[in-house]
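One chain, subunit A, appears in both complexes that follow, with subunit B as partner in the first and subunit C in the second.
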Partner chain A sequence: MLSALFNILIFPGLFFLSFLGTTAEYIDRKLYARFQNRVGPPWFQPVADLIKLFAKSEVIPEEADPVMFRVVPLVALAATVTAFLYIPIWGTEALYYFKGDLIVIIYLLTLPTFTFFLGGWYSRSLYATIGAIRSVTQLFAYEIPLLLAVLAPALLANTWSLSEMTEYYTVHPWYWLFNLVGFGVALIALLGKLERVPFDSPEAETEIVAGSFTEYSGRFLGWFRWAIDVEAVVGASLLAAVFLPFGLSLWPPLVFGLYLLKILFILCLLTLARTVMARLRIDQMIDFCWRILAPVAFFQLIFDLIIKELIL
Partner chain B sequence: MKIIDKIVLWARLKSPWILHFNTGACNACDIEIIAALTPRFDLERFGVQLKGTPRHADILVCSGPVTRQIRDRLVRIYEQMAEPKFVIAVGSCATSGGVFEGLYNVQGGIDQVIPVDAYIPGCPASPQAIIDGVVKLIKKLEGAA
Partner chain C sequence: MDFDKTNDKDMQISIGPQHPALKEPTSFSLALRGEKIEAIQVKIGYNHRGIEKGCESRTYIQDMYLLERICGICSHAHSTAYVQAVETIAGLQVPRRALYLRVLIGELERIHSHLLWLGVAGHEIGFDTLLMYTWRDREAIMDLLAELTGNRVNYGINTIGGVRRDLTKEEGERIVKIIDHLAEQTKYYIQLAQEEVTLIQRLSGVGKLPREDALRLGAVGPTARASSITFDVRKDDPYAAYGELDFKAVSADQADVYGRTIVRLGELMEAYSLIKQVVKNLPDGPIAVRAPRKIPAGEALSRYEAPRGEDVHYVKSNGTENPERVKVRAPTLANTQAIAKMLEDRYLADLPIVVAAIDPCFSCTDRAIEVEGRGLMSWEKLRRYSIDWYRAQGVDFRNVKRVI
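Right after this comes the complex of A and B.
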């Protein structure tokens, strides 16, 4: 009981994830600033932002649904933190695992997007509604390529459990190199899931104010920002576990350090994409995801099938 | 002062999010405010971020005299912000009405309509002056607590 509480609240649960999440946001903003030849924010900036938001009073619009408006941000945070429990970080075994937990992780990572939709929808504000509908429209574009790309390595390992997958790739150390195309696809899809810049039309501040979060203030906005920070780390951890499963049989603290390096690498790639690209319109985004990203993910799937049947 | 209040004050001073609102300016002050937000001055060093919605913002940065037409909108924007909120008046017109003082369609300075915490004079106020004004507001808050 006590150890379960420790796992949920401290490590690798809420506290540890929040620490990683705020650090990830700092790294993202600092790198972004350095790419633009600026100095950038100090190291405590994301924490200061969160504390300030939690100390502010909150305004709930009269027309908004009072219950949904309050509950939805907490659901976003809870879903992302839960997903992390199934991802292996200091070895080949996650804290909890069962057959098919890969699907559960993807499902739990879909929940935040739905909470963005529900939060925007129940704000009953025009900008928030447009943002909400865009975020769900975008969901249909990136979710399929992401699922296909993540399933390709699972197919090669012949299991739907993330822990068994990492074990398979530890026994066969170089097989992860077959999935590099899928890694690229998943990385681009992750940009869509996190609503980062090339795919940030759901919260495009230059056209629809702040998208789904337009009416959110104070504490509730804080929960959402917290959830987004954590989601970035969980998404990067999922990609690291699925596509970069090397060096997992080393000494556990070393594996943990390697894990931190892997998610740092993925976060840097996400920031690079944010810096060099401009926002895509929502229809361009869907075009790109269905015409290019999904076929490439299919190619990866078929490639893995052929390799599995003919060579391995 | 309790330790939690100290932490909250620290966070508030380190993360001022601003909302820019033109109450009837000739655009000169607006351009200078935008210039203050460019990478050259890099206000993100101090945690300043430009927000699109009054719900997220802590500081309302107003420029220009309050025209009679925009008066109700200014009050509504101000009321949409969550507490604690602060207002900065940028430019001579925003502080007093400037050359538009006494015109039939002009109410006067920002403080005729909503309470103002800091005045930044200048026609237009330069980016350095605007940043100095924000720093002085933060110093004032630090001293008041």
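Right after this comes the complex of A and C.
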């Protein structure tokens, strides 16, 4: 019981994840700033921002649904933290695992987007409503390519469990190289999931203020910001576990260091993408996801099927 | 479609008067169906400052400083347009060196204005890296302007009959050095505009304004030139030293936001070449002639190609120290009319960039205000109304000493 609580709240749960999340946000902001020839924030800025938000009073619009408005930010945080428990980080074995946990992880990572939708929708503000609709529209665009891309390596490993998948790729060390195309697809889909440039139209500042979060302030905005930080790390960890499963049989602390390097690499790629691109319109985003991203993900799936049947 | 004719199915949303996309207060009421704009109503009139009326109670030289403050970016455009009108009425022969220096400051201003625009356009489409880069480069010009005139904005270099500060040889060399650096940077931005896919996707085909519509709605400046109207006051009605300098009016035929970007980038390159020519061919001689305090009765209209388009000043004098009437038409007023046309059948996401693409300066635009429901008022009546209104708020100006 106590050890379970420790796992959920301290390591590798909420506390550790929040530490990683704020560090990831700092790296993202600092790198973004350096790319843009700016100085960037000091290392404690993401934490300071959160403390500031939690210290501030919150305003809830009169027309908003008071219960939903308060609850959804917490759901977002809870869902992302839970998803992390099923991702292996210092070996081939996650803290908790069962057959089919891959689907559960993807489901749990879909929840934050739904909370963005619900939060925006129940704010009853025009900008928030438009942002909410865009969030959920975008979900339909990136979710299928992401799912297909993640399923391809699972198909090769012949399992629906992330831990068994990493096990398989440890036994067959170089097989992960077959899935590099899928890695690219998943990376782009992750940009959509995290609502970052070029896929940040759900919160496009110059169009709809802050999208779903327009009416959020204080504590509740803080929960959302926290959840988004954590989501970035969990998303990067998922990609690292699925697409970069190498070096997992080494000495555990070394594996852990390698894991940190892997997510750092993925986070840097995400930052690079938002530095060099402009925001796409929501229709262009959907067009891109369905016309290019989904077929490429299909190609990866078929490629893996052919390899599995004919070569391996 | 007419805004009043929209039905309940449409979502009505207002962008402005306060909104992150707008740097100045103005209002766009939109009727949206999904993401699509069904109808749009543009409302200006949040920035009336009574500048034209203020000019009538100030002397000619004081007016120059007041009019320079119409705009914080194209301040030289307004002050030059005004002094040109006054000089025409007074029949002053402005020295050639002064005319060249006016061109120099005018083109430096165009560079910093266009670089600023490029950054704002980048920000509107979520491309903040472009914003950071262009504004960094723009600092070089701002510092240069401060060095040459004493101020980063509102340079105060004009005076009736010439300019107030001369240019030394060393300053000329420094200008050329900075301009050469900026030319390199601008070439990079031109390459970026030709190659970056997301940028092209967001700009190309957005905010279409065909040539006929541009003519009918009276668009000016880069907005018109991007619709293949090759009209440039500097070329077609030369003022200052533009008649003696070699440059071309940049135009494009895309008739969209992308075309407007290309035109502005091209104008940057032209401005660099113009400045080099001015520094090289700067004639010797005095920089100003003495102007009389009292300007003889008469009237004059002056045109100036500001970075945003044609700026028109009309001055009427009555032989005293103060003008009888000053009328200003800022370029944004001419371009505002085209916004509704550009946004026909477009998406909400296009609104910020389409509005930004005319390089709006709403604060410079407002020359009139309507006190709601009161119709036309005489000056005396309006004055009375304002005094009563303030008194009702508890503000009484009776004991305030008159300064001007």
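One rule holds for everything that comes next: the second predicted complex is superposed on the first by the 312 of 312 C-alpha atoms of A that agree within 3 Å, B and C clash if a C-alpha of one lies under 4 Å from a C-alpha of the other, contacts with A are read in each partner's own complex, and residues count from 1 in each chain.
Just so it is clear, a residue touches a chain if its C-beta (ideal position, glycine included) is under 8 Å from a C-beta of that chain, and two chains touch if they have at least 3 such contacts.
These numbers were taken from a predicted model, which means no experiment stands behind them.
Trainee: Pick one for A:E205: touches subunit B only (first), subunit C only (second), both, or neither.
Mentor: After superposition on chain A, A:E205 lies in contact with both partners, subunit B and subunit C.
Trainee: Does the superposition put A:T159 against subunit B (first), subunit C (second), both, or neither?
Mentor: Touch status of A:T159: no partner.
Trainee: Have a look at where A:V197 lands relative to subunit B and subunit C in the superposition and call it first, second, both or neither.
Mentor: A:V197: touches subunit C, not subunit B.
Trainee: Scan A:I130 for contacts with subunit B and subunit C and give back first, second, both or neither.
Mentor: In the superposed model, A:I130 contacts subunit C only, not subunit B.
Trainee: Name the contact category of A:A278: first (subunit B only), second (subunit C only), both, or neither.
Mentor: After superposing on A, A:A278 lies in contact with subunit C but is clear of subunit B.
Trainee: Tell me the contact category for A:N37 with respect to subunit B and subunit C: first, second, both or neither.
Mentor: Touch status of A:N37: both partners.
Trainee: Of the partners subunit B and subunit C, which touch A:T170 in the superposed model: first, second, both, neither?
Mentor: Touch status of A:T170: no partner.
Trainee: Just to be sure I follow: which residues of subunit A are touched by subunit B in one complex and then by subunit C in the other one?
Mentor: 36-38, 127, 205-206, 209
Trainee: For the complex, which residues does subunit C have touching subunit A?
Mentor: So the residues of subunit C touching subunit A come out as 11, 13, 19-21, 32, 35, 122-130, 132-133, 136, 196, 198-199, 201-202, 347-352.
Trainee: For a test of understanding, state which residues of subunit B touch subunit A in their complex under the given definition.
Mentor: Residues 7-8, 10-12, 14-15, 39, 42, 44-45, 47, 51-53, 55-56, 58, 80-84.
Trainee: Note which residues of subunit A are touching subunit C in the complex, please.
Mentor: Result: residues 35-38, 126-127, 129-130, 197-198, 200-201, 204-209, 275-284 of subunit A touch subunit C.
Trainee: In the complex formed with subunit B, which residues of subunit A make contact?
Mentor: My answer: residues 29, 33, 36-42, 44-45, 47-52, 55-59, 127, 205-206, 209-210, 213-218, 221.
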